[in-house]
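First subunit A sits with subunit B, and in the next complex the same chain sits with subunit C.
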Partner chain A sequence: MKKAKKVCLIGRFAVGKTSLVKQFISQQFGEKYKTTVGVSISTKKIQIDDIELSMVIWDIAGFEQDGHYTHYLRGVHGIIWVLDGTEPESFEILDIVSKSMPETKDVPSIYFINKCDLLDEWVVEESAVNDLKKEDHIVLKCSAKTGENVEIGFNKLAQLMVN
Partner chain B sequence: MSNERDIIKSLLIKEELELLQTLREKVLSKDQFTQEVSQVLSGAVKRAQTNDGSFERALSQPIQKGVSRAFSDNKQSIIDGLMPIMGQLIRKTVSNSIKQFVSDINRTLELGFSSKALKWRWQAYKADITFAEMVFQKTIRYQVTEIFLINSDNGLLIEHVGTDDMLKDNDAISAMLSVIKEFIGDSLSSPDDDLQSAEMGGNLLFFAHGPKAFMTLVVKGSPKERFKSDSQKLIEDVHAEFSDVLVDENNYRENDELQRHLRSHLVVKEISDSTKKTNWLPWIAGLILIIGGMSYWAYSKQQKLKNITQIVNSIDGVVVQSITKQDGKFLIKGMVDPIADLSVLKKDEVTLETHPYISLDENIIKKRINATISDFDNVSALLEGNRVIVSGFVSQSESQKITNRLLRVAGVEIIINELTTDNSESIKALVNQTMPNKHDAVLKISHNEVSISGSINHDNYQRLISQLKKPFPDITVKSDGLEVLETTQGLIDLINKTTINIPSYKRGNEKEIEQLENVIKSLQLLVKRDIIMHLVLTGESDCQGYESDKHSQVRANTLKDKMIEAGIDANLILTEIKSCQSDLNNRQESLLNVSFMISN
Partner chain C sequence: MIPKKVKSFLLKQKEGNGCYCIAINDKHLIIQCFGNPGLVGVSAPTFNMPIFEFLPILVTETFEEDFEIPFYNVNDDYVCNIYFLKLPKVSYLILVDRSEIFQVTQKYQQFAHDDNISKNKFKRLAEELDKAKHSLKKSNQEKATLIAMLSHELGTPLTSIIGYSELLIKGGSNIKSGLETIHRNALYLQHMIENTLMFGKTESGGVQTNLESTSVAVLFSDIFVTLLPAVQKKKLKLIIDKSCKDFINIDVTLCKQVLINLINNAIKYTEEGSVELKYSLVKKHYVFSVIDTGLGVAKDLQEQIFSPWERIEENSESGTGIGLFISRKLAHSMGGDIKLKYSSKEFGSIFQLILPVKDLPVVETFDRKALINNISEKSLLVIDDDYDILILIEAMLATSELKVHTAVNFTEAQTLLENEEIDLVLTDYNLGSVKASSFLETIKNKYDLPVLLMSALPSNCDKNNYLTLGFDDVITKPLSVENLLNIILTHIQR
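Here is the complex of A and B:
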């Protein structure tokens, strides 16, 4: 059986959304930062039991601009919240988007706390992580650079969307 | 008292009181009352309809207000609901106008009688459409190569049909199309406007929007204006006929009927519109040139093959099995006799793949024979069928050798040996032995022939011939140009024996002249040999008639004069007479002569 699901990455600028997608799609990482303009679409097919799932990944840019992203989140099947472990302000996006689009709370989601390879710059406290986990969210510390937990996270989300 | 009354009440009318209570609750409870009324409402409305229309009149105001309210509060859902119907309504109106317009065009086109027009008329008749519609169809200048049907909310691909196999990731494309639509709409125009088209290179993207899904058509070429309306009609049809499929994500890209419906709208044919007359002349000329060129090429190819076949077949000792063209050359397969002459075949035109064989062509046999006897200069061979006549001069041992060799030549069955043994060496040896000093004689000896020229002593000559004839009886002796010389005594004897009869001493006949010449020659030879002598001429007469001794002298003198004229020294010649015999009574011509005698 073949299925297609829309997955959106939500996160502040420069948290590593594009890098995570690139890591997941092609296992590559670029040191240079290039801001995404608009939306970048990627697809990857993965096998979940007897289902061939095509993940259509929407890498949406610039969540700072209020409201413009709502169109892109319409009909989403899965959300990847991307947070930066070296930038505590990146967690603010959770509230911003939740308030403007409360329906996102019902969408299967996982939380990536990215840049876990930057141990010296890691500032997010374990309590913040635990807070997220308390709400039955799947929270993964990951690294787009090393690939740690990236594929695991995407696969977990796929499982949630199929189930 | 009141308590007792209540007790009595409750005893007497307990059920009624309970019923009343129930009724009160129903009436007072809004929810329950609404429930009760709703159950009878449709029946009540039906009953309320009157013939005078008062009920409808009473309802019209509230309904009008309600619809207006609904429009202002929830415009989109009203539009979404009306959309499938409105389009059809509008089209019906427009269609009638177009029909009229088409009818006018039809009349105009009916006047056309080109071959294309006739063909299209026939096709229109078979398809049961008007000629004008067929014209429209046939003059399509565009192709619809891809159709994407995309969920308007999440951008997921519902269905795709197309001709381009290069489009591998349709999910990504549909998502991007969705993004583009949203992005442009968000950035440039009001939220109610939809992206209609986009152009890139030779491709046009046409967007047709519906409430649940939108369609993107990839078009190559220049579609006519009605294409937009056709596309809009298509999305409306899809919404009307496949509304369940549009919302059921589990069935995306698995609905064959939807696919067929979309595929029927692909336009893959592209026929150029030709309202002008086609100029066929250059095409016909080009076609003729092409056909002519091809014909000539084929003819020349055939001719070349024919020529090479003729050439090869004409070569003795070659058997051709096949001739084909390979890598620009003629490949000849067959058999070739090793001594066949292949020089006429050019190496840059011909490749040979042959096996050797022994040919029995007459010319080949002749070649073979000539090769066999090539060692022998003086031998020649003539082939007649299966017989060879060999002739020439060879030694005895060589004769057998030649015969044996020739018998081994293929095609030769009979040898006729006409070889002659060459005795020239033996003859040379014999001549040298017989005539060690050849003096003035020149001998040429070849094979069985001896040519002698110059001059040779008579005795030597006779001896030589005799010696040669004994061992070589078949020898040929040629003596043209040979002077055989007499001996001295022989010359003397010749002269002394000569008597020239001169009946008429003034004139000499042939015989007399010859005799005299012989005498003169012999005398000259004697003089040459320094033989000292005198020649005595004796004249004679029969003294009959006018004849006398005087005539005898005259005869002798006449011959003497002739001899002197011939160069003989006069001092050598003496004359005398033989006196007449007086007892002769008859004329005796035999006595009318001159005789010769050599004296020292």
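Here is the complex of A and C:
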């Protein structure tokens, strides 16, 4: 059986959304930061039991522009919240989006706390990570650079969307 | 034919931009196209092709209502807005080229983000600098407190030393007992300086403890004699039971320091009545209780009194907390603690020092008498530019049969080394402008003698440095007969 699901990455600018997609799709990482404007689409097929799932990944521009994301989140099946372990302010996006689009709370989602390779710059307190975990969210510290937990995270979301 | 609604929409959106319009039926198959697909960066579709095969971004769309997808990145060169207009039977997808505005937006946004990232980095750096500044400030504060502690702690033995020495000068006291008190307090002072310096050297207050066996009676008698002048001055009653014959294994110096601090505080805050020191053994713990009939400690200050940082400012009774702070640190270093067991305005306070019962370490003993007999024909050369020290060492070693030569500089020392049979050299490090390290090699190579160094309270790091230079051992000043003789005996035998 074939299924197609729309997955959106939500996060502040420069948290590494595009890099995470690139790592997941082609296991590559670019050091240079290039800001995304609008939306780029990538597709990856994942086999889950007898289902061939086509993940249509919407890499959306950073969420610093008020409300611009409403066009993109329409009909979303899964959300990847991307946070930056070296940037505590990146967590603010969770409140902003859940207030303006409360319906996102009911969408299957996972939380990536990216840049876990930058140990010296990691400033996010463990308590903030645990707070997310307390709400039964799937929270993964990951690195778009090394690939740590990236595929695992996408696959977990795929499972959630299929179930 | 394009319906009117679509036409007017196209006219509105186009505004000089490239535009491509695709008509799809209710099964989402492409049935008609209008315009040049190259203008929006796509190739021409084949008819009856499902729309999501042509534009994969639409694969999850339900096409049930109008929608808009702004700034869809078609490829590296083209960006377009996608509009879907739902009409009966035939619907329309309109792709409007936004590459130009995208380039400008991208450039502007890239600049803004790069700027923001730099600002955040600077912000973080500034925060780190601020943290470093605060830590420096705290460290300075701690240093100041250490100095304050030192002054505070030195006060008690100094009072006894000054008091008894004045009495002796005036001939108002028994010479032997007066000198014994002065000597005991001077030793106490020395240990306190060593321990207080340790606080400065270690963040954790890692004070070295030296477990020894003593009787409660001896400990209490010492404390009684030390504190008697202070109690008499305030006309208080000092109740210390000196009859307890129990032997306890404690660090006598540290324990005494803590108990004296506790009793001193009690004396300070008791205007009339008594201060009592009690001992008991409770569940494998030595419990020393200091009971006073003083002012008591207000409830909101009962935890604060053990912390010097806050209390100094808030407590009008200046100085009390410093002693308690250092005392608690010392208690911790002995594996114990200090507690304020009880306090009230009516009845005063009970502070307790609680120490765990410990076994004494097994120490190798050596036959000192036999060793002393063996050194009767040995001779020692002492080099120090301070005549008082030379005289003191000669006096200290007078009871041993060791022959002592003295020199105030290396020239004198060299004459003695040439003309006398010397077995061991003991030298100060700073001899005027000359350092002992400068002639160490000469003594070692020419005379092949062990060289011991005297140094005032060296740190472990200093000691290691001296040993690396080639000195055979380091003797800590102030000197005691016991230590001096032990080290000399050890090295002279080799």
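One rule holds in what follows: the second predicted complex is superposed on the first by the 163 of 163 C-alpha atoms of A that agree within 3 Å, B and C clash if a C-alpha of one lies under 4 Å from a C-alpha of the other, contacts with A are read in each partner's own complex, and residues count from 1 in each chain.
Everything that follows uses one rule, which is that a residue touches a chain if its C-beta (ideal position, glycine included) is under 8 Å from a C-beta of that chain, and two chains touch if they have at least 3 such contacts.
For clarity, every value in this text was computed on a predicted model and none was experimentally measured.
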Scan A:41 for contacts with subunit B and subunit C and give back first, second, both or neither.
-> both
Of the two partners subunit B and subunit C, more of subunit A gets touched by chain C
Check the residue A:2 against both partner chains and state whether it touches subunit B (first), subunit C (second), both, or neither.
-> first
Please indicate which partner A:74 is in contact with in the superposed arrangement: first for subunit B, second for subunit C, both, or neither.
-> both
Considering only touches as defined above, state whether A:54 meets subunit B (first), subunit C (second), both or neither.
-> both
First (subunit B), second (subunit C), both or neither: which does A:14 touch?
-> second
So, A:87: does it touch subunit B (first), subunit C (second), both, or neither?
-> second
Following superposition on chain A, which residues of subunit A contact subunit B and also contact subunit C?
-> 4-6, 38-39, 41, 43, 54, 56, 58, 68, 71-72, 74-75, 77
Which subunit C residues qualify as touching subunit A in the complex?
-> 56-57, 59-62, 67-73, 79, 102, 105-106, 109-110, 113-114, 116-117, 120, 124
Which positions of subunit A touch subunit C when the two form their complex?
-> 4-6, 13-14, 33-35, 37-41, 43, 54, 56, 58, 61-62, 68, 71-72, 74-75, 77, 87, 89, 123
Subunit B residues touching subunit A - in the complex, by the definition given at the top | 151, 153-157, 169, 171-172, 175-176, 179, 182-183, 186, 249-250, 252-254
Would you pull the subunit A residues touching subunit B in the complex into a rising list?
-> 2-6, 38-39, 41-43, 54, 56, 58, 68, 71-72, 74-77
